[in-house]
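So that you can tell them apart, the chains are marked A, B, C and D in the order they are listed, and the count of residues begins at 1 in each.
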């Protein structure tokens, strides 16, 4: 059984900041957001976690292996180098979606995302080091079969993008509603899903669903591990095997 | 009439690179992609352009005001600081979608996105300096009405994200098919669309469409200018006015 | 005759900020400083200028080609993305040292570097576009002859570093006192000097001075141009020629 | 007794790379170097270490607490995101200077800094986790007394810089020759020295030396700990106390 530790990262009072005293240059906002994300990627990623950019002002991370001190360090490091601060809420449990729902609720109870007085909330408790197992995190790494031939090299760049987006939207909804999973576009034609302990048939169903709903053919590699990095690397290797053997679901 | 100059940015042979000799750490890929995007944001943005992360390995930019030498500088700057290189294809015309389609086709003719021998293509000609006007670019900046109250502070972070994604997917398809526009999620609850010379009613129709299709209520500010930055800042100010006066479409 | 435009960049009230409310993590300060420098490098460098990290809280730039609006953009871009702001003072003239002295004085008159109320000063006027010439900037690029064989591959890393530092300290003092030039260590065994219109013999004298004072043998390439980038690239090519032909002073 | 673990970081074959096929833009080199340093700062710093930019192509780090796997991660992370790779050599011992000398020698034995075939050397063994103590690292944080009043607000920016550089050059030589310590300028008027177990009188002597040699008055805070971060934070607090009580040497 998985026990995914999820952290909601929310920039404090970001919306108002972007237009105060007047709207800030879009390129600076884009640079700020993507660098803040890159920094969290390194800070969390080099401790074995994953973070997804999601909406940029609200990011979702898988943080098995990061304790409270690590979370405090994230807040300190961002506060020291950016004009904004971040609040964090963490929760763990057998389904990523339920853990995130609880984490969100706890942060909402601490104050609004646009409350100028709510700053650097840190709430929730990490999984105890002694309670961690090698099955805590399941990661599924999806990509589009023949994406380069079918889309990138054939359609207009925007039509390819729409096709990828549609597949992503279809997959994210299905995996959330049917499987309590959290799926994130990570660039190219790749989607990474954070899942509870799902079986092979479930992934086949998800791929069939997307194929029927939006006519995009996916493939997936699935890995399990103590933390997101370990599970994610297994998933990548499984996906490579699926590519080579022309299968659609591979577990490692 | 608009005359949008669009540049397709494609990382050369990126897919194969990410798995050679074996899959690279996801956090490093995420960091690389988001920083490369941030750098292009600064390089293009500080010359008056906009770039959107799109799929990260394929990015779309509005580059009115950037000439061939500026595009060569982008390639040189990336090559000097990253382990990857980029190809660029530019085209201009009255509709952004058509310009991008032509730019894409030209790059495809130069070689596949996964052709190891195709490197640093630069193709297409910029708008002549003398031919530029103050109506060349139209930018529409959309956001979700009461996003914080309705979604961020109320739903689970992932449900909010799904709602935003759905609105975005609906808007991007509609604006592309009905209006030859290119729409991009830029974080939070914001979407920026690069449009031909559209009228007020057209924006009302788009907002109605999204409201009916996915039940998310949008608002938009529209601006026009010589380049993306000028048009985009007008759009932001127009959007602020819409917020204050509780209207749904504002032009500046 | 050169007409170097020099800009003093000073982080506002930085010293107090680094210890308020208590001393900040050194790694965050190092990261902040070096990224802020990297960003200015891109912002100034991609407009043809050079910036040197100097003391990091006080940086010195050669900004021929950057006008007042460009300087305002530097301030806005930093303010939008960092927890600190910068003041700028610019001045031009036939000797870089004199121009910098005037620029410094003007900024000092506007308030102390540690005055909490002095923020984002911008003072001084750029060279008029019409008054610029191809001889405005002279750049000399020095390196150490056989640095790898003599130092890096032979001595302890710190002894090599001390040798380079000594050569740098000797050169910077000499070039400043004798030639009103500003010299900056730029990494490896490289020093870049911003000079007035100096002759070949003057560079020979400087190299002899360093050789006698600290027994480190330098070589130099010298270039002239409308801006720092053009002059600097000529200097680099001249230095390559000096390397190949085993000479110690080359002009391009 | 201290037991400092020192890591020499050397960019592989960097000099030749900067001029191949022809000299690269200086601003890109500056950006590359300072960002690579910033990234190492975060990677090493967030594990309790310190890294100093030194010559940028050769950096020196204090890495107590980082094991071999951490060092491999540094190499992998840089290789994945930069066009260059790094070699690492680590060694520990009671004096930082001796440890670095051994580390340097071992790397030199593996090949020249400009050997195109020497890539990503990792040599040397970390301190065993069980052998670490709270006295392993001694950090001394120096600054200049009244730097803002005496220099920054009074002299030309370059004259202030020369004064700081002279104090630094004097201190670094003295601390190296007399005390086997490694001193590094870290911005502003700050120098951080990595020292063996030195006594109060030794620091007084160093300060007297610099005062006599170059007429710059220093102050120092000294801290000891299991790793650079802990020792360094104590040193910063000690320095604050010295500032407040107008003393010149404080231990915490």
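The definition used in the following text is that a contact is a pair of C-beta atoms (placed from the backbone, for glycine too) under 8 Å apart; a residue touches a chain by one contact, two chains touch by 3 or more.
These numbers come from a predicted model, not from an experiment.
Participant: If you tally the C-beta contacts, which comes out ahead, B-C or A-C?
Facilitator: A-C
Participant: In angstrom, rounded to a whole number, how far apart do the mean CA points of subunit A and subunit C lie?
Facilitator: Centres of subunit A and subunit C (C-alpha means) sit 43 Å apart.
Participant: Using Cα averages as centroids, what's the distance between subunit C and subunit D in whole Å?
Facilitator: Roughly 22 Å separates the two chain centres.
Participant: From the mean C-alpha coordinate of subunit B to that of subunit C, what's the distance rounded to whole Å?
Facilitator: Using C-alpha averages as centres, the distance is 36 Å.
Participant: Tell me, which residues of subunit C touch at least two other chains?
Facilitator: Residues 25, 28-29, 31, 35, 42, 46, 77 of subunit C each touch two or more of the other chains.
Participant: Treating touching as the only link between chains, describe the layout with one word: line, ring, star, complete or other.
Facilitator: complete
Participant: Along subunit D, where are the residues that touch subunit A in the complex?
Facilitator: Interface residues on subunit D, with respect to subunit A: 39, 42-43, 46, 73, 77.
Participant: Looking at the complex, which residues from subunit C come into contact with subunit D?
Facilitator: 8, 10, 14-15, 18-19, 22-23, 25-31, 33-35, 37-38, 41-42, 44-46, 50-51, 53-58, 60, 97, 100-101, 103-105, 108, 112-114, 148, 152-158, 160-162, 164-166, 168-169, 172-173, 176, 182, 186-189, 192, 229, 232-233, 236-237, 239-240
Participant: Give every residue of subunit A touching subunit C within the complex, in rising order.
Facilitator: 24-25, 28-29, 31-32, 35, 76-77, 79-83
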